[in-house]
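Next come two complexes built around chain A: one with chain B, the other with chain C.
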Partner chain A sequence: MNATQDPTAQAPELTPRLDERIRAALQTRTAMAVILAGLLALIVVLAIVQDVSAGRILSLTVWGIMLGGVIGLGSIGLTLCYGVLKFPNFSHGAMVTLGAYVTFAVMQALPQGEVLRPFSFGWEFLVALIVSMPVVGVVAIGIDRVMYRRLRQRNASLVLFAMASLAMAFFLRSIIYLVWGSDFRFYYEGRANPALDLPFGLRVQADQFFILGLAIVLVIAVYLLLERTKMGKAMRATANNPELAQVRGINTERVVAWTWLMGGALAAAGGAMYGLASQLRPEMGFWLLLPMFAAVIMGSIGNPRGALAGALIIGVAQQVSTAFLNPAYGPGVAFILMVLTLLIRPQGLFGGTE
Partner chain B sequence: MDQALVAKSVFLAVPLLLLGLKLVPLRWALRIPVALVGAFVLALIISNLLPSGKLSYLVSFSIMAGIYAILTLGLNTQWGFTGHLNFGIAGFFAVGAFTSALFTTAAPTGVMAQYTQQAFGFEAPFLIGILAAAIVSGFVAFLIAIPVLRLRMDFLAIATIGIAEIIRLIFQNERWLANGPQPLRGIPRPLHCLFDEPSCAPGPLATLLQPLEPRDYIYFYLCVVTVLLALTYLLVETATRSPWGRVLRAVRDEEQSAAMNGKNITSFRIQSFVVGAAVMGLGGGLYAHYAVTIDYSHFNPLFATFIVWVMLMLGGSGNNKGAILGAFIIWGVWSGTAFLTGMIEPTLAQISQDLPARSAYLRWLLVAILLAGIVLYRPQGLIAEEKVVSRFLAKTGIGRGRRKQAREEEAETAS
Partner chain C sequence: MPLLKVENITCGYGDMEVLRELSVEVAEGEIVSIIGPNGAGKSTLMKAVFGLLHPWQGAIHFEGRDISRLEPYQIVETGMCYVPQVANVFTQLTVEENLEMGAFVLKDGDIGARKEKIFELFPRLKERRRQAAGKMSGGERQMVAMGSALMLDPKLILLDEPSAGLAPKMVDHIFERIVRINETGLAIMMVEQNATQSLRMAHRGYVLANGENRFEGTGQALLNDPDVGRLYLGG
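The block that comes next holds the complex of A and B.
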């Protein structure tokens, strides 16, 4: 009705209809951020309605940030692979598990040292972590050489890559089961890990601060690598346009190998952190797969900073919602956030407008 | 001759007859009698040659393979014909199984209600139960399809993995719905009374069933599964050869030109996703009535998603015959490796003491390597998809010419 009085009415294709305008407004980054913030606020309100004390909500939020750090470590590797290789790697969860178990195996080979108070682990855990990261990275490169490179050479479709990665997920998982069995494992069986008493009734373990700190350090390292080194530049170029990168003399196979090395190493770190925070199970990586993918999509595919931001949002939402929801439904919360992202803004928080 | 063997042969003849009707290369007037006689003779030979333990093993093997074949046909509708990457078959399988179970059991009363909780129990007949399984499973698929199918194909793969996981979590944690983490017991088997007390059967059937015992019920259930498998095959095969099926293939291969020809791509995608999920739900219903007791752990990603994918990829995606063949081969490999790992157990014990207890995971490893091998070396599967599916084109010279051309093209790409 307004349009008829509007001077631009002569060019109707330039004045979008009202519903289109609403849709366009919803698809902006600001709208998406507002909706996500609203959802987080709703979760907190629901928790308050259920008579959960403010201190507990605060503690849950801090734990959620820690969980976000773990998810973030996994999803940064996942988003790099997704961006450079252009397929969703369903075996990333298995790589997370493998990292946790390799750390466990290395620790068993080392003598147990003093506990580094206030943390619950000793130096052998740190050594094992540093060893397991490149090990899993090399495993990822090996899988790429055997499977994905051949598919790349044949210009196979995306779905075949996805299926190959599903096969590799079950391959790695069955190897983990064969070597370590299906029982729960702990890095430190029965070691007390008291929570620190902080102001505002916060109860957080020192280990959890370590997890977050390590996540931040690794994210900064990835960021510097991508922005400041030649390899990072080549990686971004390959993610942007593989053919053009090749024409400019970039060895894309080397870029791919580096991507897998980084992805595998970060996944291993995430797995070891997750194992430290709870326990080791062969299914642990599979549980993290959905939150990791949700974080990747929310933060725009191929964007490491976005993946970390998405992971933090998902981690907080998962933890705070346990105040009124069965904790088993954590992956469900991540799933709802993912579907919401797909509905409102499929390119994610940090993606350009398409 | 033993009367029990004759009765068993009658039941065994049903799947063989269906197979004969499909495979005997004669005109229909001749094919029916030949298949009928051949099936019965073959059934007699099989039941006389095999000892009864092996025979029942073969029957229960075929039932499971038949149920998997239905799941594979459902997946073929989604992936083979439309290119949907559904990595959450387990979810639709579980929805079908629990729906049929809830529809056909009675709601527990009195003391039983303390041990078993379920949302409802209609005591409906078997056929209503599996029909409901298909409908509810299709409806769940519809709900998922709306937000996800408009987008890129890889998002569907991620979303379906999530959906399957959430469905499993719901059946694990919601006690009121289907008895939570505890198993749901006592799912009725259709017409089980025929085998409990032969007086339940009318006239001539009673004399046939007289020598059989209740544990021979699986022979009858094999007939149920194979008849439903044959019906599903007919339905899916007709659908894919119809104009509807051809649009699906067009949407899969050339989305833009399908849209240009006035086809509503999203609508067709949703339709095929829902139909495939309904078929999977049917498979779930059949599983529930066969297993009698079900719980959430039956529907894990390995047994209900991964193995179905291996079946379809081996048999040939896009080919319904291949889907059924793949289901039987992979289920055979899976069952066969159980004997194999049993045989190599002493060797495993020498490597490590823990290994024999974990030998089941060797079979996982084998299936995973098998799928990787198929993806790498034969992505089209054992029986490749037919390029020309229209009945009308096949009869004319154009069709035959195109078929030849398609075969030549295939030979070129393979070499």
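The block that comes next holds the complex of A and C.
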């Protein structure tokens, strides 16, 4: 055996100290994945200890995946916005709320049709959802024109952008209070959507399957758009190197507009889906903001695939923990996961080590 | 009429003046080499020509058209392309996607054929077409950057230090390709640290110092000029 490979032959100061080695090992992607899986397992174990039935845990997991889909739609927009514009958009939660309410408003304007069994909604919900997506997208572009674009032209600092988006979050919320009031609203007042009885004691509503299916379709659409279309590639290029993007002939202002359109539309879909699963409140998006940011950070900022993975983990952790925790602590669970990520591996699950 | 005519431009960053009443010309089919010490303003000149900075005074004409107020994405369409000194590839995009971005302004059509032409010039890129540009060597990156700029079949290409940081063998290879590109009729304006070598291949050259034009002449004349030799060619 080669002498230099013998650990005892190495000078002591060359061997990294044990705690440093442990820290380095903890920072790898595998370690982080193991820790997250361990945490999810811990939540399940805690639920079992509290005598929660297997059927319920399974149902909560499926609901968690659905919630993860909703959070994921929001976080993809958030992460794209960060990638292209380089600032955390604190008003993204308000876009989610706006999407839910615009869907509501369009439904009010439409005649109510027959219920599409086994779902609880009729075609008017689907039409309203499809209308609200571009509407919210265009609102996002409008906000960019009056506010963020001016800041961009003046080379404003990151803090200013973040503060402006926070102000916009409060502004949008006030508008929603003003127009729709503070009462809870329902897409269908008092219409029941009984859970389907499935094997293994799984109790899931047909609506929840719809939400999950729609989230999957939208995520695939976003993926294809980013990977296959010219505008999608231009978006990734602009996020990667904005100055070179201009030099290569990409009109980056147009890329920015498309980013807002996509982000707004996805947020709107998420809002409508969340509203269908529960109810409409002016704060609904605000409470999703923390899980969305947690998902973005966990999946590496600027990485859409990572944001989706993070959202699924957070959705499941939040839902399953309601087996033994008050659901009001949901954002707290997301917060813990976010802090853990920042402590262990700040660049997130999918970040490079460069 | 020269292809590119930079006339008495003054320009800089914020309120810091970098270029002072600078004039440069490039004729059709010419290789023009710009040399000068670090911080002379060579890259700034390239950026000003390409619309990343707008001149405070003076004018820039390309094929007789005033381009000094155009943005880079508009200048691309006039038939000029630019390879910046640093960060000149999309590191997270594949080689092939980088080339496609080079042809972004084209309304589709023969992008495949254009890519093949670039792969002929730089066969190395064809082997690595699916690799992220950020994972390539310095020389390969320079090929990706030049390849992307050539995708539009420009009339003039601006190269900012194409040989910086490359091994001598790779420098020769890149220079040889530049001459070959020029032989197809493309005009080239390049900035180089490898001053002697680049003046040898250039038709004409300029020596920049402190944002001003100190010497100009044919490549050979500058190489033979004792002042240029002593001050800027290291002996």
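Keep in mind that, in the parts below, the second predicted complex is superposed on the first by the 336 of 354 C-alpha atoms of A that agree within 3 Å, B and C clash if a C-alpha of one lies under 4 Å from a C-alpha of the other, contacts with A are read in each partner's own complex, and residues count from 1 in each chain.
Heads up, the rule we're going with is that a contact is a pair of C-beta atoms (placed from the backbone, for glycine too) under 8 Å apart; a residue touches a chain by one contact, two chains touch by 3 or more.
Remember, predicted model here, so these are calculated numbers, not experimental data.
Visitor: Could you tell me if A:Ala167 is touching chain B, chain C, both of them or neither one (first, second, both, neither)?
Guide: In the superposition, A:Ala167 touches chain B alone.
Visitor: Could you tell me if A:Ala206 is touching chain B, chain C, both of them or neither one (first, second, both, neither)?
Guide: neither
Visitor: Once chain A of both complexes is superposed, is A:Ile35 in touch with chain B (first), chain C (second), both, or neither?
Guide: The answer is neither, since A:Ile35 touches no partner chain.
Visitor: For A:Asn251, is the partner it touches chain B (first), chain C (second), both, or none of the two (neither)?
Guide: A:Asn251: touches chain C, not chain B.
Visitor: Mind working out whether A:Val138 is in touch with chain B, chain C, both or neither, as first, second, both or neither?
Guide: The answer is neither, since A:Val138 touches no partner chain.
Visitor: In the superposed model, which partner reaches more residues of chain A, chain B or chain C?
Guide: Larger number of chain A residues touched: B.
Visitor: Looking at the overlay, does A:Val159 come into contact with chain B only (first), chain C only (second), both, or neither?
Guide: After superposition on chain A, A:Val159 lies in contact with chain B alone.
Visitor: Of the partners chain B and chain C, which touch A:Ile130 in the superposed model: first, second, both, neither?
Guide: neither
Visitor: Examine A:Asn240 and indicate which partner it touches, taking first as chain B and second as chain C; both and neither are also allowed.
Guide: Only chain C is touched by A:Asn240; chain B is not.
Visitor: Residues on chain A in contact with chain B in one complex and with chain C in the other?
Guide: Touching chain B in the first complex and chain C in the second, no residue of chain A appears in both lists.
Visitor: Under the stated contact criterion, what part of chain B meets chain A in this complex?
Guide: Listed in rising order, the residues of chain B that touch chain A are 83, 85, 87, 147-148, 151-155, 157-159, 161-163, 165-166, 169, 172-173, 301-302, 306, 309, 313, 354-355, 357-358, 361-362, 364-365, 367-369, 371-372, 375-376, 379.
Visitor: Which residues of chain A touch chain B in the complex?
Guide: Listed in rising order, the residues are 87-88, 90, 147, 150-151, 156, 158-160, 162-164, 166-168, 170-171, 173-175, 177-178, 181-182, 286, 289-290, 293, 297, 326, 328-329, 331-332, 334-335, 338-339, 342-343, 346.
Visitor: Show me the residue ranges of chain C that touch chain A in the complex, using the header's touch definition.
Guide: Against chain A, chain C makes touches at 50, 52, 71-73, 76-77, 82, 84, 87-93, 97, 100-102, 104-105, 148, 152.
Visitor: Where on chain A is chain C touching in the complex?
Guide: So the residues of chain A in touch with chain C come to 230, 233-234, 236-237, 239-241, 243-252.
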